[in-house]
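Look at the two complexes coming up: chain A is in both, with chain B in one and chain C in the other.
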Partner chain A sequence: MEKESIEVFIDSLAHFYRQVGVGEVQVGVPYLLDSRTPMVSDFTGIIGVSGKRRGCVYFSCPKAMLSYILTSMGERDNSSEHLCDLVGEIANTIAGNARKEFGADFMISVPVVIQGEPERIHLPDNTRCVVIPTKWKSYQSIIVVALE
Partner chain B sequence: MFSGLLGKYRAVVISIAMFIILDAGVLVLNFYISSQLAEDASNVNLAGRQRMLSQKTAKALLDYQDLEVNGSKASADASLEELRKAVALFDSTLNAFAKGGDIKGASGEQLFLKPVSTPASRTAVDKSMAIWQPLKQDFDALFASEVGSEKHQRLLRKLVGEERSFNLSLLTLMNDLTVDLEGVARQKSETLRMIQAGAITLAVLNFLLILFHFIGQLRRSDAETEQARNETAEILRTVREGLLLLDRDMIIGSQYSGSISDIFGQQEFAGMSFRTLLKSLVVESDMKTAEEYIKLLLNGSVKENLVVSLNPLSDIEVSLPDRSGGYQVKHLSFRFNRAIDAGQIRHILVTVLDITELVALRAELERASQNSGMQISALKELLHVDKEALVIFLRESESSLAAINDILKERTTGAHDYHDKIRSAFRIMHRIKGDASGLNLPQIVQAAHGFEEQLRALEGVEKLRGGDFLPLTLALNEFFRLIGDMKDILDAFSSPVANLREAAKRPGPAQLDVAMLERLASRIAVEQDKEVKLVIDAPAFDLIPTGQRKVVQDCIVQLVRNSVVHGIEPRDERVLYGKEGAGEIRISMQQDNGQIRVSVRDDGRGISIDKVRERAVQRGMYSQDDIDSMQPTRIISLIFEPGFSTADKADEHSGRGVGMDMVKAAIQQLNGRIRVANRPSRYCEISFVIPGEADAYPVAEAV
Partner chain C sequence: MKRLMIVDDSLIIRRRIKRAHGLDEFSVVGTASNGEEAVALARQTAPDLITIDLTMPHMDGIEAIPLLASICPDARILVVSALADKATAITALSRGAHGFVCKPFTDDELHDALSELAADLPAR
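This part shows the complex of A and B:
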């Protein structure tokens, strides 16, 4: 896994926060995660990656954070459906940016959103994933890059 | 082909031929009997005419007799002429019935009459002839005699008399003839009816035979077709390859194998264009090349095997959506072949193979062959290492790496946390490096060194941020992989593997690894261009609690390394000070009042207080004033502080100032105390006292 590839995903997330105008995100110290035990928060947007690198990248964050963003965007409806849409939108932004950066080397799928359910995430089993903890306001979220 | 067809439809052809022959036979027979019937009808008519003529002759004779006497001459002559005609016709006809011959028909046409053949007719004719012959002679004489003469009158009277006598007999005989001839005709028509009925029956039977034969054959043929269709369907369902046919417009045919759905997902492919199938899977340029290639194949004048190399789809990587919403990468191989029927290229047969596993295997092989260089050098390294020690080392290294990962994972609240992380990671990595060096595993030593370099670089970064650690995290991942690879190699080349796994479960070494320490010391000495000999006196090692032996050994490794690098002088320098050329490092271990005292003593240059002072200031650990106010023992204790090193340049063995702080941390962990006995230019002895099996001293002290 190249540093540059992972940075693209981090930058994409930062880009999203800037886009919605809710300020900068802090990136924590990245660490490794055993691919047999996926780690998720309340809402997760997964994008599948194939091509030169294979696996998936997902963004997972607590419900409270999504509610906060929705409220700050002037949206009153905080139903699960809206929260899913938002996390999907974040994953989409990450996917879109990645598509732009990687070009033909990577194929990026349409995001899939899950609530909890870590068992639905399938990580490549021959590598460890890199977890990038991010903090925005007081909310902890993670980007997990699981590429072969 | 014709003979083939005849073979297949032989029975049908024979049946139909029989039907035609039978019908033709009946037809010929019909014609024949019809002509016979016509002949018979004519005979019956003629016989009937004879009957009539017999009466007419009689009537004309009587009329003539009457007119000859009482009538005019003209009417008498007419009557005589009529008599003559009737006699001539009767005579010729009767003769023809008897012997055959030409006669005049009812409407004046010339007919040939065969002699009658049936016995009854024959009898009737013969009898008639017998009666008629004398009569005929008399008629001839009458006609020859002069009208009105005596002779004429006499003959006329005689004939009238004869007529009266024989007229009835002649009529009866002619009637018999007529009846018999009618009977013959009826008989023949009856026969004809019988033959017709028989032939029709036979024809119907033949028709039924053909019908049943056909139905049976159709049924069999249908069953065979059905079976063939089922078999084809089964083949298409089962075959691993994706098979489909393309027509000249590159449209997919109605039959294709089940694997097509497995490969491209569930949908209807029949009638779909090949372009649509590959849309979004293949880049446009490849698609165009593929289409041109197919067009070439459809062109009969191009040799198929000459253009095979133009196939752009012989190995393509495609990403197909899977059920979990992600993409599944598959490697597909398309092959195109002409499907020729009757010398014409009808279709292109497309074979799609999922070669994902094959490609993965190939990649694996490539990787293996690339790695083999590394593996062989790694193997060489591993061959001379004690396997048990190696298994333990790899296990511990893995948990040490996991510990570093845990350190990275811990939440941070500020910049100082980042530096704490770096320092802790340093200590752990340094221990791995020490162990690897002790086991003589240059690859791991190098990796650990690289990792330390990165930590060092991070420490120099101002305003550290989380993202700065990313390269380190990735290096950690690589390190995990390296250890994993080593384990794989060990598994692959060790026998029996189970023993090693068992060894890996043991908590620590049973004995101090003397061989390892000697190897370590002599290797470092060689690298540093020094000579060194190790004296080991460690009978008390097995008194150390098993869980602590590894830590103690690690500390000894670090102290020995320290002695060789920092204590022992090069040979020339030693000789100058009146010492032996080879330095001596003495490791001893004694039990004393339930405690264990471990010491590593070298007869080198000792610790230079001034150098330590200088270094501490240089490193920014303390201000000059602080240093000046410190007692010499306190100064010496600085060597155990994180980040201190007196070596000028960081290399694999020293210079990071991590080794001694690791020793200190380890001894503290064991509730032990460290002592330093130092005499500049003469010796340096670093010892530590740890509690035995049962005791524990909560004191950590540097003197």
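This part shows the complex of A and C:
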């Protein structure tokens, strides 16, 4: 995957943090996932991609981080339902904003949310999966881009 | 008070729009989590303004917009979506939407867009 394509997803996440008013996110050096076993944290929002590009994009982060963001957004209810909703919405925003770069042929699904359960993520075969590590406050999260 | 209906599959986003600062002149008459629910709700509530997401299960926003426009021909429809490409915005507008706000949005962006559409409503 080209450098510019990876930057699209980084920019989308950074834009999300800025717009919801929770500050800046630090982005680490992207790397290739060297196995077919997906990496996940507590909550993961997965977006299926079809059209010109095929595969998936997912965002995974710890529960405490989602709770913090929810509180920062003025939400008092930090139930699992709301945490799942938020991680799905972050994934949707990252993938949806990427259409500014990739165009309308970059078709995205509604989010699927999992808690743990990396076995539920199916990475496409013959695809290099790029992991983008990010850090907000003390919380580590990842964006994984697995596109043909 | 202008009557506002909110359509989004995310509960967090529905609540965020409801709670956004500066929207005191709007009264939320109902919320829906997909296009099908929105169509049924629009028949019951006759909103003046509708915010609608595009990527939703069952019936997406692109499909729902013309139906909503036919049920409430005077209502103003604001798309609030993460789909940030121009072609999607043009498609939504051509199917009956009146404005487009890209997610993630600030309260000010939402307020400005809704106020602009409200100012354009026909007098009752």
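Criterion: the second predicted complex is superposed on the first by the 145 of 148 C-alpha atoms of A that agree within 3 Å, B and C clash if a C-alpha of one lies under 4 Å from a C-alpha of the other, contacts with A are read in each partner's own complex, and residues count from 1 in each chain.
The rule is simple: a contact is a pair of C-beta atoms (placed from the backbone, for glycine too) under 8 Å apart; a residue touches a chain by one contact, two chains touch by 3 or more.
Everything numeric here is computed off the predicted structure, so don't read it as measured data.
J.: Quick one: chain B and chain C on chain A, clash or fit?
T.: fit
J.: Taking C-alpha centres, what angle do chain B and chain C open up at chain A, rounded to the nearest 10 degrees?
T.: 80
J.: Where does A:Phe16 make contact in the superposed view: on chain B (first), on chain C (second), on both, or on neither?
T.: After superposing on A, A:Phe16 lies in contact with chain C but is clear of chain B.
J.: In the superposed arrangement, which partner chain does A:Met73 touch: chain B (first), chain C (second), both, or neither?
T.: second
J.: Could you say whether A:Cys61 touches chain B, chain C, both of them, or neither, answering first, second, both or neither?
T.: Neither partner.
J.: Quick one: classify A:Leu32 as touching chain B (first), chain C (second), both or neither.
T.: first
J.: In the superposed arrangement, does A:Val130 touch chain B (first), chain C (second), both or neither?
T.: first
J.: For A:Val110 in the superposed arrangement: first (chain B), second (chain C), both or neither?
T.: A:Val110 sits against chain B and chain C alike.
J.: Between chain B and chain C, whom does A:His122 touch in the aligned arrangement: first, second, both, or neither?
T.: first
J.: Go through the superposed model and pick first if A:Asn97 touches only chain B, second if only chain C, both, or neither.
T.: In the superposition, A:Asn97 contacts chain C only.
J.: Quick check on the superposed model: minimum Cα to Cα separation from chain B to chain C, whole Å please.
T.: Minimum C-alpha separation, chain B to chain C: 9 Å.
J.: Show me the chain A residues, by the header's touch rule, that chain B contacts in one structure and chain C contacts in the other.
T.: 104, 109-110
J.: Given the complex with chain C, which residues does chain A contribute to the contact?
T.: Checking each residue of chain A against chain C gives 15-16, 19-21, 70, 73-75, 81-82, 85-86, 88-89, 92-93, 95-100, 102-104, 106, 108-110.
J.: For the complex, which residues does chain A have touching chain B?
T.: Against chain B, chain A makes touches at 1-3, 6-7, 10, 26-32, 46-51, 54, 56, 104, 107, 109-112, 120, 122, 127-128, 130-133.
J.: Inside the complex, what are the residues of chain B that reach chain A?
T.: 283, 317, 319, 321-322, 324-329, 405, 408-409, 411-412, 418, 421, 465-467, 469-471, 473-474, 476-477, 480
J.: Quick one: in the complex, what on chain C touches chain A?
T.: 9-13, 15-16, 19, 55-57, 81-85, 87-88, 91, 102-106
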